[in-house]
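Shared between the two complexes below is subunit A, which pairs with subunit B and subunit C, respectively.
And then the complex of A and B:
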């Protein structure tokens, strides 16, 4: 990963590729790369769908190596959904292949005149940008099937569906999994719309003839990776719970805690949650000849995904994740896993964020476009998005736009991005992160990553109110750093509970790059990323007044705890005071 | 405290099923939704789990990392008092920030301030009652047989639904019209 490719899609005479060295971005990867490039190079007041915006694609610092769990790909830009800086990441094969091809980043710049649609082919011989108007308005599954006929089954594919071409604000960028299905999405923030605005339909990544990235100290790297894998396998979450049930194992627990937003955040419990649970889902998948244990990229040892088949044993979609089952399920009063699976397939196929779309359908139900619990109506509304009808374009622009168009007061968004599946009135601390993150409401912006080991900002008394502010700050710092490594966030539990596994991660980073890595270095990296993101957002016009939850969280108590969001504004304003 | 014997006189008629081990999964939906079990109440949660249900203390400590009572995450088993009708939910370790947040005595417990169970009160004289038990995820298979062997109090409709889901059930296990104490044992 010693070079950066810049592709000026708006260059005179057609797209122009320039490959250069890393320069000031040396040593960066993942979110650190995307955010520092966007912060430095994109005008903060640029229109997100205009030529001034850039789409930065970057594998993690350890992607493309023999290390386990290193396959996350970051995509960054100014978000058309939020107006803030955005980093959205996904699994799949793309990060590994792009890293082995030697690119620390591929940056799409400019915007072409005219309606031509392009595909970009990146292989050992270089980069080609090719007009291919035969791909127009194709959705991800048929698109990848068509591309495979030309570029084969050894490549990895990144693509946008019809939603990205239509520049819908919920549009995602799909990355293919090991079976070459477009199931892994950089979902949040409308990054697919930015790719669509640059008229790039697909990026074909072929690493034939390339080798794994070599570590500076191969023996030490191998040893650290072995200890890291051992740590993941022996931990009950990464070694048992996630492989058996996937992330949807959270449905039962969140419902029990009264933090499962139901019927567009009107209640914290859903009576039929057991029908949607990870336990039920896994049993159903296995009984239908699918799988409840499956990796999204090669080198994954957690295997939190799965294969969801219909009752006749035919593939429907990958195992829907917890947030998807919630957004299309309980949030809309729907308790049928087959309906959720069908909606998940539509999301992946047209290329939209499952959280944003599920929340939007719930808001539309609140607007009276359908009844809560009406499976057929939910599918019908998603089909409007797929067809690109005027109603579909409104819905595909997310919950905030839909709420405004239909006059809905209860719209669960922060900085216009839909809240994920945890009610902040029940779990106040996560509301702090929702409100203050640089990304808009995002459950992965402050993950449970070893802050107890890192001691970011000192020890925290878990019994005091200010502990929630401290924890959110520390979690956001640690997460920004991990997002830069290319590591899957689910390693969090093993490195949080097992200091030797955390040390193994540091040793992997250190032995690969030939440096000594400490917890302090991780903290410094996280702060550097967050500071750049906060600075960009400030220059884009965001103030502390945007770091707030919607008022209904303060005014409407939620059952069963009958609690509102209690954190004071002054406390929220302290999160980034380091 | 000696292991207590449920007062079965209130739940007639009793029904016992002897099933193959691979039929355990038929009970998972019911165990996720929660089942009423006879118990001695007025004791601590730790007593309920370790003494009445005979769950080894180290299993409770290491494996049952997430516990709710009446929808509130529990941190202190030794000062949480079981009442008649209490709802107790048991789960293994959960992923995600919220999974870590819900952990008993976890580092991130502050994030759920406001819904945590507040321990207090003292154990009262033992009395017979019922507790509603829910099992989630890995604990379904691990603790399910133990809960089922103690006996579940089922309404006729619940029993009817359950029996429909068990293939090759014994012919004499048809549901009646009153609540029943169902005991289930599995062949080795």
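And then the complex of A and C:
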């Protein structure tokens, strides 16, 4: 990872590739790379779909090594959904392959004139940008199948479906998993629309002839990785719960805690939640010849994903995540896992964020476009998005736009990005993160659920305000750092509880780069990333008044706790005061 | 004293999903775990009526107790 490729899609005479050294970005990866590049190089008032925006693609600092869990790929830009800076990361194979090809970042710049659609091929011989109009409006599954005929099964594929080409604000960028399914998505913030605006349909990454990235101290790196893996296997969350049930194990937990937003945030509990639970889902997957245990990239030891088949044993989609089962399930009053799986497939295929789309369908139901609990109507609405009808384009532009078009007051968004699967009235800590993160409502930015609900890494009362600001601050700093390493965020469950596993992570980072890493270094990295992101957002016009939840969270108590969001504005303004 | 006990994830294996039980007054969360042979070290999340509780909490008539192992996701 000693070079950066810049591809000017708008260059006179056709796209122009320039490969240069790292310069001021040396040592960065993942979110640190994407956010520092965007903050330094993108005009904060740029139109997100214009030539001034850049799409920065960066593997993590440890991606492409023999280190376990290092397969996260970050994509950054100015978000067309939120107008803020955006970093969206995904698993799949892309990060490992891009890192082994030696690129710390690939930056798509400019915007071509005309209607031509491009694919970008990156291999050991360099980078080619090729016009391929035969790919127009293809969705991700058939697109990858077609590209595999030309580029084979050893490559990794990044792509946008029809939603990205249509520049819908919920559009994602798909990354293929080890079996070449386009199931791992940089989902949030409309990054797929930015790729579509640059007329890039697919990026084919082939690392044939390349080697694993070598650590500066191979023995120490191997030893640290071994201790790290031991720690992940030993912790009940990463060693047992996630492999057996996947992320959807949370449905029962959140419903029991009264923090499961139901029927567009009208209740904190869903009567039919058991039908959607991770326990039910895992048993169903196994009984149908699928799997409840699957890794999204090679080198993953947690294996939180799975394979969801239909009743006849045919592949439908990868195991829908908790957030997806919630957004398309309980949020819409829907309790049929087969419906959720079908919607998850449509999302992956057309290339949209499952959280944004599910929340949008719930808002549309609140607007009266369909009844809550109407499975067929939910599928019909998603098919409008797939077809690109005027209604589909409204829905595909997310919950905030849909709420405005149909006059809905209860629209669960922050900075126009849909809230994930945890009600901030029942879980005050996650509300602090939703309100203040640089990304728009995002649970992963500072996952207070761990401490508020799961009692991992500490114990803070979810219904009280005490301790939540400091908790969210510390989690947001740590997350910004982890998102830069290429590590899957789920390692946090183990490193928060087990000091020796955190030390093993520090030793991996240190021995790889031939330095000594301390906890303070990690904190400094996280603060550096957040400061750059906050600075960009400020220059883009965001103030403390945008770091708030929608008013209904302050005005409408939610059952069963009959409580509102209680954090004071002045408290929220202290999150980044370090 | 009639209470409802709900078990989740791996705790269900060889036990049950949900059961209504008649316990003597003064029964604590720890007592219930012991009766179900759930090692205290494996208890992750304990809730009564949707609120987190500790092992020494006494149950009351009509309570719903939910017991989970340590879990995560997101």
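Odds and ends about this structure:
Convention: the second predicted complex is superposed on the first by the 558 of 578 C-alpha atoms of A that agree within 3 Å, B and C clash if a C-alpha of one lies under 4 Å from a C-alpha of the other, contacts with A are read in each partner's own complex, and residues count from 1 in each chain.
Following the convention adopted for this analysis, a residue touches a chain if its C-beta (ideal position, glycine included) is under 8 Å from a C-beta of that chain, and two chains touch if they have at least 3 such contacts.
Remember, predicted model here, so these are calculated numbers, not experimental data.
Judged by the touch definition given at the top, the superposed model places A:63 against neither subunit B nor subunit C. Of the two partner chains placed around the shared chain by superposition, neither subunit B nor subunit C is touched by A:474.
By the touch criterion defined above, A:563 lies against subunit B but remains apart from subunit C after alignment on the C-alpha atoms of chain A. In the superposition on chain A, contact is made by A:236 with both subunit B and subunit C.
Once the two complexes are laid over each other on the shared chain, residue contacts for A:439 go to neither subunit B nor subunit C.
In the superposition on chain A, contact is made by A:248 with subunit C only, not with subunit B. Put simply, more of the residues of subunit A are touched by B, taking subunit B and subunit C as the two choices. In the overlay built on the shared chain, the residue A:283 is in contact with subunit B alone; subunit C does not reach it. According to the touch criterion, the shared surface of subunit A, contacted by subunit B in one complex and subunit C in the other, consists of residues 236-237, 240-242, 244-245, 247, 249-250, 252-253, 256-258, 269, 274, 278-279, 304, 322, 443, 447, 461-463, 490, 493, 560-561.
Put simply, subunit A touches subunit B in their complex at residues 236-237, 240-242, 244-245, 247, 249-250, 252-254, 256-259, 269, 274, 277-280, 283, 304, 322, 422, 426-430, 443, 446-448, 451-452, 460-465, 467-468, 471-472, 475, 490, 492-493, 496, 560-561, 563, 566. Subunit C meets subunit A in the complex at residues 6, 8-10, 12, 17, 42, 44-45, 47, 49-52, 66, 68-74. Within the complex formed with subunit C, the residues of subunit A that make contact are 235-238, 240-242, 244-250, 252-253, 256-258, 269, 274, 278-279, 304, 322-323, 443-444, 447, 449-450, 453-456, 459, 461-463, 489-490, 493, 560-561.
Here subunit B touches subunit A in the complex through residues 25, 28-29, 32-33, 63, 65-66, 68, 71, 73, 89, 91-102, 107-115, 134, 136-138, 140, going by the rule given at the top.
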